[in-house]
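Two complexes come next, and they have one chain in common, subunit A, joined by subunit B in the first and subunit C in the second.
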Partner chain A sequence: MASDNLRIESGVQKAKRSLKVQAKSFAEFWRRYRKNRAAVLGLSMVVAFGSMAILAPIISPHNPFEMHLQDFTRIFLPPDNLHLMGTDQYGRDVFSRIIWGARVSLMVGLVAAAISAAVGMTLGAISGYYGGRVDNAIMRFVDMFLTIPTFFLILTIVAIFGGSLTNVMLVIGLTIWPSTARLMRAEFLSFREKEFVQAARSIGAGDRHIMFREIAPNAIFPAIVNASLQVGSAILTESALSFLGLGDPNNVSWGFMLNDALSSFLRAWWMALFPGLMITLVVISFNLIGDGMNDALNPYLKER
Partner chain B sequence: MPGDPVLSVKELKTYFFTRKGVVKAVDGVSFDLHKKEALGIVGESGSGKSVTCFSIMRLVPDPPGRIVSGEVLFKGRDLLKLTSAEMRKVRGSGISMSFQDPMTYLNPVMRVGDQIAEAILLHNDVDKQKAFGMAVRAMKFTEINNPEKRAFDYPHQLSGGMRQRILISMALACEPDVLIADEPTTALDVIVQHEILNLLRDIRNEISTGMIIVSHDLGVVAEVCERVAVMYAGNIVEIAATKELFENPLHPYTMGLMESIPRADRGKRRLLTIPGAVPDLTNPPSGCKFHPRCPYAVAECKTQLPPLEKVDGGRYVRCMKYAEILKMRRS
Partner chain C sequence: MIRYIIKRILIAIPLVLAIVCINFVIIHSAPGDPVAFMISGVENATPEFMAMKRAELGLDKPMYIQLLIYLDTILHGDLGYSFIYHQPVADIILQRLQATLLLTVTSFVITVAVGIFAGVSAAKRPYSRTDAFFTIGALGIYSMPDFWVGLIAIIVFSVHLHLTPIFGIVDPGLTGWDYWTNLLWHLALPATTLGLGRLALYSRLSRASMLEVMRQDYITTAWAKGCDERAVFYKHGLRNAMLPLVTVLGFQTSFLFAGAVLTETVFAWPGIGRLLYQSIFFRDYLMIQSLFLVFSILTIAGNLLADIAYAFLDPRIRYK
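Coming up: the complex of A and B.
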C-alpha cells in the first residue's frame, strides 16, 4: 500500500513529505537505502564477512592453530594453491587464520557497539527527557569521559585486567558510549517538547510510556547510524590492542597477525597485507552502511 | 441547570514565571460544566483559553507555568490535589483533550490505529488485538470512511480533517466524561470545519460527554455550544446561553465582539473594531482589565476588578456598569 501511495504522490506532496514526514516502514527504508550503491556494497561485504565468520569451521582449509615449527619447508611459504595466502613464521595457514579472525573481529565489533548503544541510548534518553539536575549529572559524567583519550584508557584497563575477549569487548563498549548518549540526549531534548508528547500525556501516558513508546521510535535513528559506525571503530580498536600484544593470545585476531608480521614483513609481505586489507575492508563496509542508513533514515536528506 | 456539574472550575489561577516577570495567563477563572452540555470558551489569542484547558488537564509546562490557586472539581474530586499517578488515570478516561494542529499532535512514526489503541491500552485491561479493534470502532464513530484500512495509515497519509477526526477518536476512545476540544477547527478549511462541527454535535447527542470547545471563532462556538464563556486577559468576562450572548451581550467587550463579526442578517454596514490592543499580561491594567478600551469606563473601573456577577437567566457578567447598560438597552 505504501508503494502505491508513493507512486501517486505528486511532486508538491513529495516536497511536503520530505520535510515533515518520516515513514519508517522497512520497505520504505530499503527502497531508500538501495539507492546508495556504496552502502549496498558495504552491506554485501559485511554479509560476506559474516558468513565467513559463521562458516569458519567448514570453509577454512587448514587448522589456524596448527604449527609446523620443526618443518622449515612449511614456514614463510608465499601464497600458492595449497596456502592461498601463504604461511607465517610458525607454518600456520594465513588464509585459515584470516577466516577465523573474522569471528573475533565481528564479535568484538558487534558486541562492543551493542553495549555502547545500550548504555549510551539509555543514559542519553534519561538525560534528555528529564533534563535539569539529572541531565547535568549525566552530561558532566559524559564530559569527563570525553576528556580522557579513549584509546589510552582502553589500553590501560586491558593492561591491568588482561586481554581476554570478554574483557576487550566490555572495555571497548563501556568507553565509547558517550557519543551515543549525546546524540540520544539531543534527540530527546527536541522530541520531548513535541506536541504529540503533549497529546500522549493528555490520554494518560506516563513518563516510561512516553520515553519508550512515543519518543524512542522517533529519536533512535541517529543512534542506530552511530552504532554502525562504532562497530567499525571497535574492530579497529580491537585490532590495535591485539597488534600491541594486548589481545587474547588464544584467539586468532587480525591485529595479532599484523603483530606477527611486524618482525618479518620484508620477507613475507603476505603476512601483513591480508590481515591489514581485511581490517580496512571491514571498517570501510561498516562505515558505508552507517552512511547509507543515515541517508535512508534522515528525513531532511530525503528524495534528492 | 439540572443536577450537579460534572466539572466545576473555581477561581483558577495559572501564572507563568518568566524572566520578564509573572504572566498572569489565567487569573481567577470560574465556570461549571454540566453533563451533556457543550460550553464554548471564546477570546482573542493570549486571553488564556488554552491555558485554562491545559490547567484543567494539569498539563501546563512547569517550569515556567504553575497553577497558583483555585479548584478543579471533577465529579467532586479536586484534580489539583491528586497525585500525578491518580491524575494520569483521569486523563483520557475521565477528561480528555483534542488539539488544534492535528499534524503535530499525532506521532509521525506510529500508525494511527496504534495511536488510538495506545489510549485504550492505558486505561483498559485488554490485549493489543482487542484494543486495535476498539480503536477501529472509535474511528468509525468519528465517521472515518473505511476505518479498517485507515487504521494502518501513518498520519502523513491522511488529510487534515481526517487527522482531526483521529485526534477526536483518540480523545473519545475511553469514553471520557468531559472532552476538551482546543481550537478543533482552526487548522482546517471551511468545509472540513463544518464537517468537524457536525461531528462534535453528533457526538454530544449520542454519548453523554460534556464538552468544552475552545475557539477564537464565535461562529464555531455558536454552531455547537449551548453556553458560551467569553475570556479577556485571563478573566471570564461573561457567561451566557449562546443565543442570549449573541442577541443581548452585557459586557462591553462582548458587545464589541458582536459588532465586529460580519452577519448576514444585519444588512450592509461597516464592521466596528475595538480600539486598542490586548494588554500585556506581565503588566495588566489595574482594576477591570478592559477599562482602557472600554467606552463605558468610569473612574472606579481603574481601581476595582468587578466580580463575576450572576444576572437573571443563569448569566454571569463581570462589569460594574452592566445594570446601566441593560437599562439603556431596554429603554
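Coming up: the complex of A and C.
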C-alpha cells in the first residue's frame, strides 16, 4: 500500500520536522499573543485562579465546610480581619469558600469545554471532509440542536437525573458542541480542495492521514478559540444551575453560594457580592484569552 | 409574503414534535418509571391508583404506541395534573405566562432600542476612546451572571437608595392608573437587569454590522449626493445593518428566556421562570419537563417571528 510506504519512509524524520515547524509557529503565535495586554491579563488571571484552586487546602484560612449552627455570634458576620469576606448563615467563612469554589468552576468549565471540543471537532471534521449524505445528516442534527433552548435542556436533564459534578460536566459538554462542529466543518470544507491536500491524496495518503495530519493542524484554530469562549459559558451555566438549587450541595460552588445569598442578601450583602465577582472575573479571563488567541491567529484582523 | 410565512410555520412544526419526543425520551429514561413522574408530590399513592395511571399511559403496550399516546395528550394541551398545586399543569402555566411575557417583551424592547442606538453611535466614531470604553464595558457586562447583577441591583437600588420595590409584580388592592404605574415601578429593575447582558451583545453586534455596511459603495454614494449625517447613518446605513441583527435576535430568544428564569427567581416575579425554580425545589418533575416544552415552544415562536421580521425588512426574501 502506498500510504504505508509513505508512513514508513517519513517516520521519525517527518515527526521531527513537523515538531520543529509547530514549535516555530507556536513561537510566532506567542509573540503576537504577548503583545496583546488584555490577553496577557486574561492568561495571568486564569493562572492565578488555577493556583488558587490547586492550593485551596493550603491557602484557605478556615475550613470551608465548618458550621457554627449553635453559635449566633458567628453567623452573618460582616467582613473583618478574621473573616475577610464575612461569614454566611451557617457561620462558614465566605473567603475560604470562595477559594474552594474555584475548583468546581474551573473543573466544570475546562472539562465541559474539552468534551464539547472533542465531539464538535470530530463530527465537524467528518461532516466537512466527507460531505454528501453524512454531512447532511450531521448538519440536520446540528441545526436542530441549535434551535433547542440548550439551557432548558441541560436544566431538565440535570434536575431529573441528578446534579453530581460528573453529570453536570457531561450534560453541559454534550449539549454545547454544535457551534464547534459548525466552525470545524466550514474549515474542512475550505481546506478539502487545497493543493497540499490534493498532493497528499495523489501520493496515496489515506483519509485518516489527510484528516488528522494534513487538514486538522490548519483547520483547528477557530475551534480552539471557540473552546476558550465555551469554558466561560460553561462556567456561567454551571453557576446558573447551582443558583437554581441544582448541582451537588456537598461541593463548594460559587453559584450555590449565591443561592444561599438569595434568602439572606438583605442582611448580608457580602454573601451576594463576592461569589458573583469571582464568576465574572473568571469568565472575563477566558473571554480575553479567546479574543487574544483570535487576534494572534488572524494577523489581518489587526492591520485593518 | 403569506406563502413565505406559511412555509416558515411548516418548518417549525417538526421541531416542536422533535422536542416532544426528546421529552418522551427523558421521561422514559429517568430513574423510576413514568408513573412516578406523573405523581411526583404525592406522598402515599395507592397501588390501585398507580395501576390506573399505568394503564392510562399505556405502559403495557409497545414503545411506539406509548409515544403516540403521549403525543396525542400533549397535542390536546393536556400536560398532566400537578398534585402539588392541585390543578392541571397547563392551567398553572397559563396563569403565570402573562407575567413572563410582560417581563421578557419589555426587556427585549429596551435592549433592542438602546443596543442599536449605542452600536450606531459607537460606529460613528470607531476606535475612539469612547468606543474603547464601551468595548471593555460590554465585555465586562457580558461576562456577569444575570442573577448576580439582579442581586446587586436590589441591594443598591432597593435596599440602599429606596428607589424601587424589592420584589413582586404589583401591590395588592390597586386599580386603574395606580395599578399600571405600580406595575411599571415594579417592572423597571427586573426588565433592566434582564436586558443588560443582551444589551452588551447587541450594541457590539450592531457596531460591527454598521462598520461593515458603512464601507459599502452605496454609502459613499449617499454622502456624495449630499445626504446629511442622519440620513446616511439611519436611512441608508442602519436599515441594511439591521438584517444580520434580526437573525441574531432570533437565535437569542432562548437566552432571553433562560435569563428570565434567573431574573424572576431573584425578583420573585410571579412568572413561569419562578415556577420552574419552585418546581426544582419541590422536585416536581412533571412540571419541570412541561416547562421545558413550553420554553422550547416560546423559543421556536421567537425564531419564527425573527424570520418573518427579516422578510419584512428584506424584500429579496419576500419575493423569492
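For the reader, a short list of remarks on this structure follows.
Quick note on the criterion: the second predicted complex is superposed on the first by the 275 of 304 C-alpha atoms of A that agree within 3 Å, B and C clash if a C-alpha of one lies under 4 Å from a C-alpha of the other, contacts with A are read in each partner's own complex, and residues count from 1 in each chain.
Throughout what follows, a residue touches a chain if its C-beta (ideal position, glycine included) is under 8 Å from a C-beta of that chain, and two chains touch if they have at least 3 such contacts.
In this text the structure is predicted, and so the values were computed from the model without any measurement.
By the touch criterion stated above, A:122 is placed in contact with neither subunit B nor subunit C.
Of the two partner chains placed by superposition, A:164 touches none, neither subunit B nor subunit C. In the superposition on chain A, contact of A:279 is made with subunit C only, not with subunit B. Among subunit B and subunit C, the chain that touches a larger number of residues in subunit A is C. In the superposition on chain A, contact is made by A:213 with subunit B only, not with subunit C. Legend: residue contacts after superposition of the two complexes on their common chain; A:265 is shown touching subunit C, with no touch to subunit B.
Contacts of A:200 after superposition on the shared chain: subunit B is touched, whereas subunit C is not. Against subunit B, the residues of subunit A that register as touching in their complex are 1, 5, 17, 20-24, 194-196, 198-206, 209, 213-214, 217-218. Note for the complex: subunit A touches subunit C at residues 144, 146-153, 155-157, 159-161, 232, 236, 239-240, 243-246, 255, 258, 261-262, 265-266, 269, 272-273, 275-276, 279-280, 283-284, 287-288.
By the touch criterion given at the top, residues 57, 59, 85, 88-93, 96-97, 99, 101, 103-110, 118-119, 122-123, 152, 154, 156-157, 167, 170-171, 173-174 of subunit B touch subunit A in their complex. Only residues 15, 18-19, 22, 26, 30-31, 139-140, 142-149, 151-152, 154-155, 159, 166, 251, 253-255, 257-258, 261-262, 265-266, 276-277, 280-281, 285, 288-289, 291-292, 295-296, 299-300, 303 of subunit C touch subunit A when the two sit together in their complex.
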